[in-house]
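Paired with chain B in one complex and with chain C in the other, chain A is shared by the two complexes that follow.
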Partner chain A sequence: MTIGDSIFRKEALEKVTGTAKYTDDYHSPAMLHAKLIVSPHAHAKIKSIDILEAQKAPGVRAVVTGQAEFPLTGEEIHDRPPIAFGKVRYHGEPVAAVIADTLQLAKKAAELVKVTYESLPVVNSPSEALSTSAPLVHENLGQYEKIQHVFPEPNTNIADRIKIRKGNMEIGWQESEVTVETNFSFGPSDHAAMETRCATAEIRPDGHILISSSSQSPYMIKKLMSEYFDLEAGKIIVTTPLVGGAYGGKVPTQLEIIAYLASKAVGGRPVKVFNEREEDMITSPVHIGLEATVKLGSTRDGKLKAAKLFYTFDSGAYSDKGATISRAAAVSCTGPYFIENIWCDSLCVYTNHPYATAYRGFSHSEVLFAFERTMDVLAEKLGMDPFELREKNAILPGHTTPTEVDLNSSNVGNLPECLRKLKELMKWDEGRFIKINDRKVRAKGISCIWKTSTIDTNASSGVILTYNPDGSLNLLSGLVEIGTGTKTVLAQILAEKMKMDVSQIHVRMEVDTQTMPEHWKTVASRGTYMAGRAVQQAADDLIRQLKDMASRVLVCSPDELEVGYGKVIVKDDPTKSCMIADIAYGHKYPNGNAIGGQIMANGKFMFKHMTHLDRETGSGKPGPEWTVGAQGIEIEFDTRDFTYRILKAYSVIDVGKVLNYKGALGQVMGAMSMGIGFAGREAFIFDRKGKVLNPQLRTYVPPHYGEHPEYIVEFVETPHIDAPHGARGIGEHGLIGMPAALANVLSNAAGINLNQLPLVPELIWKIKTQGVQNDSV
Partner chain B sequence: MHTTEITLEVNGETRSVTVRNADTLLYVLRDKLGLTGAKPGCLNGDCGTCTIDVDGNPMKSCLMLAVEVQEAKITTVEGLKYSSLQTEFVDKFAFQCGYCTPGFIMNANALIKQYPHANDMLIKEWLESNICRCTGYKEIEEAVKSALATAQTVLRQQ
Partner chain C sequence: MIPYDFAYFKASTAEEAVELYQSLREQGKQPVYYAGGTEIITLGRMKEVYTEAVIDIKGITECQTLQLEQNQLVMGAALPLTKLQEANLFPLLSQTISEIADHTARNKITLGGNLCGNIYYREAVLPLLIADTDVVIAGKSGRRRIPLNSIFDERPCLEDGELLTQLITQSDYLGLPYYSVKKRRQWDVGYPLITVTALKKEGKIRVSFSGVCLFPFRSERIEECLNDTRLNPDDRIERAIQHLPKPISNDVEGSPEYRLFVLKNTLLDVLQALEGETYAHN
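Showing the complex of A and B:
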């Protein structure tokens, strides 16, 4: 039995010996290198680009600048030129690429490219974007091609607006005896994966296009490239080796397009585009910012009656995943509570910030920060314990979600149980505000979480299994190993099904879109569910084929056979069996006749009954199930200088079923660490002109070794019956309650309302001493 | 472009290589010697993914020039063979994407060699120069502490 066991990840030895290969680790003497020239302005007209000097520089093979004939790109709205053309819309936007024999030569020549700009007024926040006098980031918004379910509003900066209209707000407010309303804001930040993005492209004489990329979406690259450039999809082959951290940031297709254009400019030779850290932080997509207003109404005893929510996401210069993120925010707009009357407008707006894409949690940590913080504000106004308010309103089977999905005991986890466990673990009853001395206090704060996925309704995942002569199996899946260990979990699921040792399963880590079946995108904590189901289906087929072949050898009907432990056995007479290794390639009779051939099988999976959201009311079913949980933070706070130390961080999550214990624990703790970084310290600092002042790991500082708190993580297991072994998504959930929990505990400790991020001591000091809110730090 | 042929001692082997004076050690290891274990994370000294061992000290190879280390003994992660530290990293699940791992291992390996009795403070002082974005660091802490314990046992037995 391997399910639940802490099986080492399949690629573990490669990773500790330095032999694990990532995209930039592959290079050949034939490969040319591209260096991007990026915009120093957040919004400016490009008056001229002089490339003559650069073209003449040693080793330079081509210089590519934006062209009118390059396609506009973007997954939902085609709003982004691959290289800026006419104007730049964010600090860091590529305006040209110099391609040379070596990166050093390309860099030298890049300095010779002269770009003249004429600066334009800048949109520096979502509220500025919505003001009637705001400059337009996209003058031609109405003319862009787009997918069906996104609705840009021409002549504004609004890329999309998702509405939730549930129940009747008038009744909701009438029934509310207590109301609270709070504003929130935080700016864009970064994924900061340790591996910066890298892509190579090559155009072969026969028209095949070979792309290699550190991506979460190799199959999407294939699809989009064929769409953008009108290429035959079958001629595009994308490979993705191991990926050095992604967290949503490697979903978009960006550098791949530039690498392709660069290769085209040099007659198809292979070209590599490698992001240095500064580029990776601002040129490539970032983590979205948000401004929010949350108004809640409840009865005096804490029953939520109405929620009015206004979310404005800062998608930056381009919409990329911003519209989908705003949609996901609407889907989970309230936090895991049952509220009959909900009004929500979730907007994706353009600003002149670096453009945003998916980030671990996909809108949930952002929305929950606002919502769960408001829950604490309401609890305080009601004079109620924060746990009690949450327990009272916890979402349960029988309830409906904001998009009116009916919940049952399978599609939603057990939130009351998570809350009960968390309360016990945190020793909540011993108090949540303890004075240690004149200067220091200890405080506790909590947040609930929930999440479903909002992915394409027809996203699919496929798996191929083939036998080796020794009876071991090869597992091929298009899922990318981005660090989550999902491919190891797939091996566990297969081992369980085939009753075999997991060491006998060989998992191909690299993805190659030509030879491996598609896994839509490695996102949304859906890898195990989708690819796991495909594995199970393929394994069923393997078993059927094995029994069929063995029935001829053992001279009985296939139903009388059982597969396991490397054999096919006659059920009622286990002395009669044949080795899988002996029939995996067919069977040869004594006279030389042979039947069969190598046994292989495939499986595929697509979610059932997913729907788009109704444009007017938001009703619809975007995801298959909701993972729920409760999280907490305990800090020691210095009331004199407003510094604090996170002592303990807690997560109790209903994961349905733990498939790999240490793996799951690692996912949760890692996500918590990232959430604490985002909440406590990480944010881009913009000057008035929209320039990012800290695009470096020295000035934008993720958590370092030694800053980590004690993690206390527990799992609840309420199976989701459609998923392999009942497991729910888990990759993102550790992150999503951390910002709210930290804001709640710090508000509690400092005795003020902290409604902005990041929660640096300076912000606490400002609000505490000057009462300044809504002012950027 | 000025280039020089230099000799480096890497992982116990003598390797000749032609470099520019401005080439960083990280670049030469990766692109000229095919040792891609050390990773580029920031090329600026801020992340530690490029950490290697130079004469027993953990060094950020993105901040060193190849021409500087002609007399030195260089060890990269490829030169460590089945050390207990590597085993502990696997055992304690001390990595996910693995991109920061060679750097952490090389840093901690030097720490264990120099200070087998390192306490929490010293461990933090050494390892805080490296960033891991995937784990919560607890797993790395456990792996390093287990390897320290093994090193201490070995010392006691000697």
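Showing the complex of A and C:
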């Protein structure tokens, strides 16, 4: 009925008319405003903070600075003071917050806070972090509280190390007739969501704490705030209205903590903390950087035999999601290929860069950039077509993943079919390097993709359905509408199940952790799967209740009834039915007797059979299924100037089942655009002292409308049995092959190995003219 | 959000604006003329622009003029770039300004603002410098019309409180063969790595630059070298770049070495376009 249809998003009209409300759009008369004072240094001792003048400024209610008694925070390692204390570890780190009657007064007074620093030597890259002479970003790493499954190495800058040991490397190298080894690097960048991050907090006289935040994780805020400040979880109420783009950047809990401390400092009054763009770019967490070495061994006919992988993630000053990202990188360390022998060390290291958190693709675009680029290097050495090498090694049902998960025809998609379709779409057989004239060439390049999710093994999602008197339904889910249209897809799943019109389903967009069931976090392309299953379960419950009620009206057994089209119908005699609207609030007999009440149902979902990774070998089942796909890019390259234009970008992804065609297309194209931006232009530029030189959209430029290529997107549908209608995750996947595809096509066009990002013409010029590369191919 | 308070004044004549400026200045208000406001907002937010009084010049008729008559094109300083671009009376100017910022910003950024503001690229000045454009300036002692080149040194050098009201280009420049190109770090949005505009008048190429250094410029020495047709184009360019002002910009858009590489290629394109049998409009 509605599955697959391009149903408009439920919140579309609000958004296109500009009336949709985001966190910062909510005001209350009592609300105060906080302005952060941030560090201009990447690493420095805080010698003193003079707040006297600021305290005296008009409208100022309080100035909060870091305190020894403030808890250390962090999801896996408690390594981060909510406001810097003792020293600062990155450019942009909050050192104080001025709370005043208006944002303007707060901003004015913030200029009066005088901080003196004594600068410290800076760790400016992952390789610097690992050098034995490196300054320590965290001197007390060994003493931090942490969860069980993360392993910081005291007296180093290593926050975590994940090992994959699969097969036998010695045999792998023996069987390898050809080897290649390549180094890669790129620095941190930004999510650049349109809505900058914002949080408000208020402490009510009865002890309830009200937090509102532009977050992907309102339930995690509740959990973490309770943990950090020893508060009763039930007293913390978090609301999240619509979110204007998140991309992983709104997973962490940061401004919420500052807002709470600020509210506490002013007797519980509501306080808003709102990021201006510059703060959003470096003060709040960023997209992770990476240095990588990939060594591959294969037979002469291109069968991969061994992979040795060393990934060092630049988590910046704090670990936040860095350790989890490094873990996800280990899980998918090879790209979608079957390799019997794998050695991988994936490290999360501290540097004096802005700290990293989740970013759409969660380590996959990063790892695939390194791995898929090396696949092309290998193909070239073998004299083999890049498609052929990938087809030959494509991961299939019956194979095992790097963490030794057995794959079957449900838990992995059909990669060979994606490759076949892509090859046809790209007209690969016409050639991948075509000279147009003396200067210009047309070139093509590809990358395969795969991704599973590495979310908490006990992550869950709940849904509540309630009837309205007209027989329409309310759908309540703790999933945050971050712009992916997932809440509309949930309505489609419910409409399909109830055989009703999707317009009769009212989806509550705003999340309220007190009144709505938890959805763990809106991350990892898992919203539709988790909340969708909960919806289906709730709908089953609803149908059971409707049949039960109708059986009394229609005087038959419930199992002789069917629900659909706003009615409960007697199966073998459809002339006998009752309207759902007439029983949704119970049934009233002619004599006035009544039974029932408002019908409501709930459903919940939790993944089955997920495990942690073994510390020594990495074996374990981190995610429920793998989405696979193949992507390509076609460019026109100027061999004199080293400039290029992306003409076409392709994606063929096995999504299991398309639930909303235009929605899926939009997700994939948007992600591709983001991947192209990340690969081609977006990166923070640091000076030698670790200061970010371009924390502004003037000089940090995401893709603009009009710069985009033609997007060509096709889907393959191999159902994942456990998921609603067989649908696989799709929110991130369009992004993750783009950097590798762009690096591959440019390397092909320029005739050099391009192993760094962003792929700006200056980089190509530099390598062309100075040969700056250090690979032993 | 702009953290400081400022007063707003709207002038209806240039004289009134200039008088307002004087009196506000005497009161220590650090006044600024305000037309599009893009820099006041975006730099004011960071306190890189500070003022206690803005004088809106959008209501001054002469600052809004756009007319081609008596063999001259008169362009008001408060005209938004989009308006100039769409009128397309001076194709070289239209093309050059169409690359500044983005469309939404160009609806606000004005011709005078681009020339006199804080952001140093001032690309709108490039065509004007090589088209012998005059400026009309209102000041304490009245109005004067002088060649832009005579007061342009890195920026229009106005006396304190003077208001640039108009730019006037002779119509015989408007249809000359031209070339204009903006090269960025990457693709189509952002500040220039380099912007080069060129005109060919009476057989001689004139050229002006932005992004190469921390200010836009036109250099007679460079033009002499480029027009020395006894030498081949590569040699002319090699000689020309010896006369670039120093230092070459080194910033997030690119290194000095790379800028020179791009500049040489671009100058080659200029020579090719304007010396070829047929000239291309880029």
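Heads up, the rule we're going with is that the second predicted complex is superposed on the first by the 773 of 777 C-alpha atoms of A that agree within 3 Å, B and C clash if a C-alpha of one lies under 4 Å from a C-alpha of the other, contacts with A are read in each partner's own complex, and residues count from 1 in each chain.
Here, a residue touches a chain if its C-beta (ideal position, glycine included) is under 8 Å from a C-beta of that chain, and two chains touch if they have at least 3 such contacts.
Keep in mind that what you see is a predicted model, and the values were worked out from it rather than measured.
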item	value
Partner chain in contact with A:H704 - chain B first, chain C second, else both or neither	both
Contacts of A:P29 with chain B and chain C, given as first, second, both or neither	neither
Partner chain in contact with A:E762 - chain B first, chain C second, else both or neither	second
First (chain B), second (chain C), both or neither touched by A:P590	neither
Partner chain(s) touched by A:G680 [first = chain B, second = chain C, both, neither]	second
Partner chain in contact with A:E276 - chain B first, chain C second, else both or neither	both
Touched partner set for A:G383, first chain B, second chain C, both or neither	neither
Chain B versus chain C as contact partner of A:Q104, first or second or both or neither	both
Chain B versus chain C as contact partner of A:D641, first or second or both or neither	second
Winner by number of chain A residues touched, once chain B and chain C are compared	B
Contact residues of chain A, present in both the chain B and the chain C interface	104, 276, 698, 703-704, 706-707
Chain A residues touching chain B - in the complex, by the definition given at the top	6, 8-9, 11-22, 24-25, 27, 58, 104, 191-196, 242-247, 276-277, 482-485, 662-663, 665-667, 669-670, 672-674, 696-698, 702-708, 711
Touching residues on chain C, where the partner in the complex is chain A	1-4, 45-47, 102, 183, 185-191, 251-255, 258, 261-262, 265
Footprint of chain A on chain B - complex, ascending	1, 20, 22, 30-31, 35-47, 49, 76-78, 80, 86, 89-91, 93, 95-102, 105, 123-124, 127-141
Chain A to chain C touching residues, read off their complex	103-104, 107-108, 111, 276, 278, 640-641, 643, 645, 680-681, 685, 693-694, 698-699, 701, 703-704, 706-707, 758, 760-762, 765-766, 769
